[in-house]
Amino acid sequence: MCRWLAYAGIPIAMDTLLFQPCNSLIRQSLSAQRSVAPTNGDGFGLGWYGDLARPGLYRDTMPAWSDANLRSLAEQIRSPLFFAHVRASTGTATSRLNCHPFRYGDWLFMHNGQIGGWPAVRQDVEGMIRKDLYRHREGSTDSEAFFYLALGNGLMEDAAKAFALTVAQIVGKMRHEGVTEPFRMTAALSDGQRLYAVRWSCDGRSPSLYWTQGHIDGCRDGRVCLEQGGDSVMVLSEPLDEDASHWNEVDEGSFLVAENGRVTVQSFNPFG
Amino acid sequence: MCRWLAYAGIPIAMDTLLFQPCNSLIRQSLSAQRSVAPTNGDGFGLGWYGDLARPGLYRDTMPAWSDANLRSLAEQIRSPLFFAHVRASTGTATSRLNCHPFRYGDWLFMHNGQIGGWPAVRQDVEGMIRKDLYRHREGSTDSEAFFYLALGNGLMEDAAKAFALTVAQIVGKMRHEGVTEPFRMTAALSDGQRLYAVRWSCDGRSPSLYWTQGHIDGCRDGRVCLEQGGDSVMVLSEPLDEDASHWNEVDEGSFLVAENGRVTVQSFNPFG
Amino acid sequence: MCRWLAYAGIPIAMDTLLFQPCNSLIRQSLSAQRSVAPTNGDGFGLGWYGDLARPGLYRDTMPAWSDANLRSLAEQIRSPLFFAHVRASTGTATSRLNCHPFRYGDWLFMHNGQIGGWPAVRQDVEGMIRKDLYRHREGSTDSEAFFYLALGNGLMEDAAKAFALTVAQIVGKMRHEGVTEPFRMTAALSDGQRLYAVRWSCDGRSPSLYWTQGHIDGCRDGRVCLEQGGDSVMVLSEPLDEDASHWNEVDEGSFLVAENGRVTVQSFNPFG
Amino acid sequence: MCRWLAYAGIPIAMDTLLFQPCNSLIRQSLSAQRSVAPTNGDGFGLGWYGDLARPGLYRDTMPAWSDANLRSLAEQIRSPLFFAHVRASTGTATSRLNCHPFRYGDWLFMHNGQIGGWPAVRQDVEGMIRKDLYRHREGSTDSEAFFYLALGNGLMEDAAKAFALTVAQIVGKMRHEGVTEPFRMTAALSDGQRLYAVRWSCDGRSPSLYWTQGHIDGCRDGRVCLEQGGDSVMVLSEPLDEDASHWNEVDEGSFLVAENGRVTVQSFNPFG
C-alpha cells in the first residue's frame, strides 16, 4: 500500500501540500494514518506540469522523508497540476523504474493497490499491451503494466471506459489463473488539463481515497488554508490535516473527474 | 536513535541474527520495539571480521529492509565477529559516510545515541581529534567524531579509560557551551578479538542495551536457538525474540568486555 | 558494451583480479582498452559461490571505480568461482535490476553485447519465456530476457544446446521484425561447478573475449602471477595485464567449458 | 578535476546549455576535452534561482549522463541564473554531501581544482571557519571548507577581497605544513543577482576557464545560438561548441564579475 496526492488548480509551490501540513505526504511516508503499512519508505516520485506539455518527473529510491533534493524541488517549483507518491512495495523491488508516477507522452499515472496474484498473471497481462506501447515499459510493477494496457485500451480518448475495460481484462486473467487475492486500486491520471481518479476493488475493500475543492491559501500551523472558491482540487489517499470539514471520502466504485476546479464523481463498475 | 547488534563467537552466517529472528535487526529497521523512533530507515551498515585483520565494511543509504545486497551478503558471509547497525538520523544527512560502523585500521566502532548540542560543540570536538587521525574522518556525525577523539585518547590501548576520558572531554565542551540536551550513548568497539560495549548517559536515560551468552545453534520459527555453552556473545539494542530468559539488560553506566565467550561487566563512570 | 570477468579455480580473494592488475576490471570500468565505449560506468555486479549452493549477489548503480563497498567485499571474500561485470548501457536504464550477473537458483549468468532491435522484439521474446521462470524477471534488459528464455530451453541440462536454440529463436524474431542491427554476444554461465562461455555474433563482429589457464599466485606490480598448473581458469572481455603470453583469444563462434581447471573450446553455430 | 558552468541572463530552460550543445556539460561528464581527467562521473549538482531568494539545489551521486531526473529537471526548469557541476573526485568520497554547488542562505558556490595537501591542512583550515558557519558544513571536501572560510572572511560583502584573503590564509597553512602540491582553482559564486568567478593557481597552471556574453537563442545542431546583445553571460570550464568566436579565455589570476549582462574582469592576486 502506498500513499499519493494529486493537485490541480492555481499554481502553488509543491511543498505547500507535500511538506507543510501536519499529515503531509512526506509525513505519511514515515507514518501513514489510514494504511495497513504505516511506512511508505520504498521510494517516491513527483510528476508535475510546467511550461511544457510534457510533464517533469523526479523519482528516487530513498525514503521521501530523507531526500534533500525533494525538499528543494518542492520549495522551488510552482505547478498548476502535480502528482506525488510515496511507495510501500507489495513485492517488487525498490528501483526508480518501479516508482510512480509513470509518464507516457503528456500523461501521468499513479496507483495505490495491488493486482492480486500478479506473478501468476503478469506475463499474460504484459502480452496484451499494445506493442508500440510496450517498448516504453521500464519496470516490473503491476501498476506500470496497468497503465500501458489501459493506454492501448483508449485511455487518452475515454478514460473511464479504458479503466473499466482494463480492469475487466485483468480480472478475467486472474480468474483464469484461479487467483483468489483481490484486485484493489486507487489511481490518478492526467494529461495536464483534466485530473481523473478511480477507486475500485473487487471485494469492496479499496484503499482509502479523499477529495476536496476550494481555494488554497497556503498552509498555517500544519493546517491547509482551504477557503471557499472554485479554483483548486485535491485527490489524495488520506487527509492532510485534522479538519474533517475539508475532506470528502470518494466512495467505493467511483470515477472522479476534475477540470477547471469542478469535480464530477460518477459510479465506476467495470462489470456493470 | 538507532539500533545495533554485535556478535562474537563461533563463526555463523550473519543472517542467522540479522534476518531470521522474529525481532531481527532488519525487522527493527522497519519497526523497532524499544525505541522512541520506530523507523530506522536512514541507512545501515555491516562490519565483519574474516580472513584478514582489517574488517570488511558494507554501508548504504537505503533502508536495511529493502536492500537485496544486504540479504545476500548476510546469507553468504560467515563471521566470528560482526557489527550491524540500522540508522535513524538525529539530524545529520543520510549518506554512506554517516553510516555506522566506522573503521580505523583493524578496529570497528558503532554508536547509538546523541551528543547533546552537537552543532554547538562540533568544531571544538573536531579540533581536539589528533591530527593524524582527523584525516580519516569522512562524515559529519557526532558518532564518528567520538570514535576518532577516543582513538587519540588511547582507545586501542585501554578502551575503558579512553571512553571515560572522551566522554568527560565532550561533556566539558557541552557545559562550556551551555548545552542542556543530554549526552546519551550505547556504543560497541572491537579489534577483531575483544568486543567492548558501553552504556552511559548524563541523565540516566541511556538507550536500551542487552547482552547474552551461550551457544547459538541457528534460528527456528523466529526464535534464536540459544543453548548453554561458552562460545558466543551478543550485545544488542533490543532482544531478537520474546524469550525473556535469553536477554540480560546492561545496566546504566556499564562497560562490558567479551572475549573467548566470557563476559565481564564493570561500572562505567567517566566522572568517578 | 560492457566488460566482464569469470574465474574458476582455487579460492582467491576477488580483489586479486578485480582491483590489483594494471588493467583490472575496475580500471576497465573507467577506461576499457578494447571496447568501443571506454567508460563502463552504468552500474556493476558481482556474483560468487561460497559455502552455499546458491551464489551471492552484489549489484549497484554507482560506477565500480567509486564504490567503497565493492572494494571491501573484493578484499574480504575468497571464492573458488566468481563473476564480475561492469556495465555500459546500450539503452536500458541504470538500475540494480538491470545489472549483471543475473541469478536463478544456483545459477549465474552475465552478458556483454546486444540483441539488435531489442525494443522491436522484446515483447515477443518475453512471451516465449516459460511462465514459471518469467515471474523471476525483474528488469528490462535483453540480457536478462535471454537468460530466462535459455533456462526454459534447457540451459541447466545442456548449456550448449540451449544457447544455440535461444539464439536461433531470437534471431528468428529479429528477422520476422525486419531488424537489421546485429545480434552480438559474449556470455558466461555457471552452476558453481562448471563455467561456460559463449562468443558469437551474426555478423562476425563479436565483442572481444579471452581465456587463460594456470595457477594464480596473486598479483605483483599490476601483473597477474600466472604460473603453469592446472587449477585455475579465467574467461574475460580483455586481458588484465600486458603479458601477451597469458591470454588466449576465444575465436568467434565458440563455446567454452571449464571444469576442474580443464578448458574445452568447441565451435558454436546456432544455425549449423 | 571537475567541469562546471554558470549562466546569468534571460531565463532559459537549463537543458539548452546542459544537454543540447555538442560539448554540453553532460557530454563533458563522460568525456571532457580540456581536462586531465576525461571522466567526471563522481556525482553532479545543479543550483538555480527561481521565485525565491534561496536557490534550489539538486545533487546526486550518479554520473550526470545517466540520471533521468537531471534530464527532466533541466527540461522543465527555466532560470535566469544557474550553476551546474560534474565531479571527478580528487580523493574525497562520492557522496551527495561532497557534490557542488554548495549553498548558504541565498548564495551558491562551486569549485574546480584542489587545495594541495588537503589532508595535512584540513583540520587547521576547518578550525578557522567561523563557528556559526561551521555548523552548516556537511561534507569533507576542500571546496566546501573554502566556501565557509570565505563566508567568514566577508564573501557576502566584498567577494574579491574575501577570495584573496581566504586563498592567502590557506596557502599560509600549506606553507606551514610544508605542502609542495599546488593550490589551483576556478570557482563561481552568486547571490542570485551578481555572478562572480575566479581563476587562480599558485603555479600558473589553473584549470581552464572561459566566458562569453550575448543573447542566447537556443541551441541548434549542437551549436549554441549566440547572438550579439547584452542580456546573458556564461562562465564555464570549457567551450560548449567548436565555434571559437563564442568563447573568451579567462586569464590566469583573474576575478570576473557579471551583472545585468555586463562582464568585468580584473586581476586577482592574493599576494599583491
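As written, the chain order gives the labels A, B, C and D, with residue 1 at the start of each chain.
One rule holds in what follows: a residue touches a chain if its C-beta (ideal position, glycine included) is under 8 Å from a C-beta of that chain, and two chains touch if they have at least 3 such contacts.
Treat the numbers as computed from the prediction; the structure is a model and nothing was measured.
Q: Mind listing the chains that sit against chain B and also against chain D?
A: A, C
Q: To test your reading of the model: what rotation angle superimposes chain A on chain C by C-alpha positions, in degrees to the nearest 5?
A: The rotation relating chain A to chain C comes to 180 degrees.
Q: Where chain B and chain C touch, do the two copies share over half of their residue numbers, giving same, or under half, giving different?
A: Same residues, largely: of all residue numbers at this interface, over half are found in both copies.
Q: Does C-D or A-D have the larger number of C-beta pairs in contact?
A: A-D
Q: Could you work out how far the Cα centre of chain A sits from that of chain D, in whole Å?
A: So the centroids are 39 Å from each other.
Q: Hey, what residues on chain C touch two or more of the other chains?
A: Each of 68, 93, 96 in chain C touches at least two other chains.
Q: Make each chain a node and each touching pair an edge, then name the shape: line, ring, star, complete, other.
A: Basically all the chains touch each other, so complete.
Q: Spell out the part of chain B that touches chain C in their complex, as residue ranges.
A: 13, 48, 50-52, 54, 56-60, 68-69, 72-73, 75-78, 96
Q: Would you pull the chain A residues touching chain C in the complex into a rising list?
A: Touching chain C: residues 92-93, 95-97, 119-120, 122-123, 126-127, 129, 131, 134-135, 137-140 of chain A.
Q: For the complex, give me every residue of chain D touching chain C.
A: Within the complex, chain D contacts chain C at residues 30-31, 39, 41-42, 61-63, 66, 68, 89, 93-94.
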